[in-house]
């Protein structure tokens, strides 16, 4: 499909300019550099309480087991490989905040306050042994958390052709 | 869509009659159902998807040709299928752009449009482990439609994407608020903001009223129920491109942003649960590649010892399911049949063993091995899982 | 097909809820419907055919791309849609053959198969006379599917068609026991005994479980619900090839066996009942020819004074609907827009006047004139019937 | 789609031979040369009675008018052109027998005996002024009836290309 170049206008003029208010309402994403993180903060101990109330039914007591999978790394000798969790498989800590806020709890998505999400993030990082009990998680500290799995991630470098990789 | 069912089948459902009660003894002796507003599927056809809570698999073994009926298109969603009012739904494009903009669905339909027949496949599309598995069970998370929409490049020009924009975030309006980071280059190349599927509006299961469609790329990146695109200079590292849709490779590494769907083929007939007779058999299947056109499909009827060129049904389209066929005379002796595809980059569909050797045992997504079918002397056709091999 | 409806729309119908009661205030805050066995059409989409007792017209103005959703494929039948049990249905081939034979539907599916995307059109597909007419009203008796089946030539070889067989009779199993005489050459050339439509079994409205499909020929010859083929040495002169499907031409003569569908095109957007705004408009439409490929579509935006080349969406297939598009900037002044197609034989779609001049006023079938749309200053788009011209 | 010629068998061997009994059951078509016409005969006067009972409701008294169209030619001066009927538009008389037997009466197709169809055929030919009151229609006579419209019918001779015809 080619539009003859002499007839393509620079702009068609459909749609309208987005106001900063309406962008802000939707612009909920968090980047690894922390861009997008809201004000507020969270602590493991506060998150632990919320987790027990709102999350453990699906993700297990302490984030281990549960019908929807572990979030906390454990070494279960009966399993061939360790379950993939935040502690051993997630490359960026900011993803925890972003994902919980947009999608959890599964049955009531979008119901958590930013403070609750910060607390849950702090709790899950602590339970996975990544930050300590007293650590405070906020827009400044979260991007600096180095996740154990980060070094494992590599981008796809395949380019087609006969190679099996 | 809300029309009163007009045909025999529709009436049977509405009046609680069993379908078989409506079958005439001699259809030439009684006037049939009159013309209707919406056609029906014959009540004799029991072709259905296989659903779990999070996905539903297309019955590949029941399909003819290359088009997937829209209501049998595979499903994969992370928080169910939302109901979205097309008159209220909007797409916002912002971030590294000259002019952040909002487009209604009606706005999107005013732009120059494009249509293409292309497959969609979930990169997690592989199951094995049992003999009693059909193509639907093994790799039913792929389907093909004719998609229509506006090229994303057209919208990129409209908002004035800045030269330093290298990635964009695509976000859905479902309860998962699904998000993926996509290289801007794909947006300029061939991405479509789609609102049409097989001639009509997208189906709710496929993203109604508007979705991203990235030809040849793993299904999850083609964000459904699209509400927002943000242009940026780095990937967002969303949960779906880190914790999910990444795969273990050699040396304990984890590969991410593996977007292209590797070339694949599968014999869909004869395949479990079909039972065949000896004599002439047209072996039929589907082949596709996310990296371009299928150039060759080979079929083996002797467990991989020798290979024959299958016929490819025209049109052979870019990043599209192609129907292949190979006419074979079966002497009735037990054997194994299988197919392998070669795409235009020279990639040849690998064996299970080759994939495990190349990636290690802890892999997952993008698993596209040759599927072998055991043909038993009594005509039964069984999957050959790797543990049997 | 008999599955319990799984989605919001299906549930609404089953539980008697109104569809709008199910629309969530914010779809991101409630889990959607889970994956199902059969997908649905959005309850917001009101795309339907326009039925009379004997036919039902496809909503061409609502379609995207080139595939017609199977349940929106036009209908034309002479005694309703029969319900036929595919397990009992048989096709008999006899007459001037070495070996008269009976094929079950299962037998037919065992033969080598072929698929092709091609249009079907009723040769009586023309209405005019009012301004408030949509493409559906004017020529909605055309649709396009991907058809799959066995080539008739394969069956001709199987039964051993005799050299002196020059015509065959095709007969349906509906209450009209519809019959047409077809030159044997068409059977050898490209006729298909079809059992597949857009990836699945034929729909009942289109001939389930098996029909004749004659690419490019007037729809009535593609006998649905096919039960019998008799090979002979002359046409049978059935009612449908004498009293009907024949047209008056110059000198009081009546032309019969005019099989080919003459090339045609129509702008489907903007078209009644759409209302448009001034500025950039992508003019969209469909073009096709029963004699081969579309090679050119021209669009005029000044009532036929000048013509511009429209873009043709790939793939441009033989005897198939092609989607054409022409990007135009409308200054808001009242005008007329229209399209005309040229096919690979060099045939150029004629005007109404040319057709009447060539055939006389007492014609009928195979009426394929250029359709002009009046674009009013307020953006309304109206058919331009000949009596207004 | 090409099957490589070295692999096409002369026959695939699917399907079975049709017996003459099962062919006979379906082989209901009538050709212009009379092939297919059954034993029996019909007369206008007998057909007239049947027509009044089973057909006139849809095709009008005497085959003129009716909700489903005239079958008998008349000259109605209020109409621009004469209605197309058996008398002025049908090229072969055998088609009348074939069509009525396979498709009429519309609401009860396949319900007429061969004798009824012969009688109706005789009646419609007579009503259209093509055969006389006493004529007998049977497998011998019907193919010899020359229809007024036969001379008008010409096959399509267009071959594509620029010609509008």
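First chain written, first letter: the chains are A, B, C and D, and each begins at residue 1.
The criterion applied here is as follows: a residue touches a chain if its C-beta (ideal position, glycine included) is under 8 Å from a C-beta of that chain, and two chains touch if they have at least 3 such contacts.
Just so it is clear, the model here is predicted, and its values are computed rather than measured.
Counting only chains that touch, the fewest steps needed to get from subunit A to subunit C is 1.
Per-chain CA centroids place subunit C at a distance of 27 Å from subunit D. Chain centres here are Cα averages; for subunit B and subunit D they lie 50 Å apart. Taking the mean of the C-alpha atoms as each chain's centre, subunit A and subunit D sit 75 Å apart.
Counting partner chains per residue, subunit C has residues 28-31, 79, 110-112, 114, 175, 177, 280, 313, 325, 327 touching two or more of them. Within subunit D, residues 1, 3, 12, 14, 102, 106, 109-110 each touch two or more of the remaining chains.
If you draw each protein chain as a dot and join the dots that touch, the picture is not a line, a loop, a star, or fully joined; it has some other shape. The complete set of chain-chain contacts reads A-B, A-C, B-C, B-D, C-D. Note for the complex: subunit C touches subunit D at residues 78-79, 92-94, 99-104, 107-108, 110-112, 114, 151, 154, 157-158, 169, 171, 175-177, 179, 227-228, 230, 232, 234, 236-239, 242-243, 246, 249, 252-260, 291-292, 343, 345-348, 350, 354-355, 358-359, 362. Residues 1, 3, 10-12, 14-18, 22-23, 26-33, 81, 84, 86, 89-92, 94-95, 98-99, 102-103, 106, 109-110, 149, 152-156, 158-165 of subunit A are the ones that touch subunit B when the two sit in their complex.
The part of subunit A that touches subunit C in the complex is made up of residues 1-3, 7-9, 12-14, 102, 106-111.
Those residues of subunit C that touch subunit A in the complex are listed here as 26, 28-31, 279-280, 311, 313-314, 325, 327, 329.
Subunit B contributes residues 1-3, 6-9, 13, 19, 22-24, 27-56, 62-73, 75-77, 79-87, 110-115, 117, 146-148, 173-175, 177, 195-206, 208-209, 225, 280-282, 284, 313-315, 317, 323, 325, 327 to its touches with subunit C in the complex.
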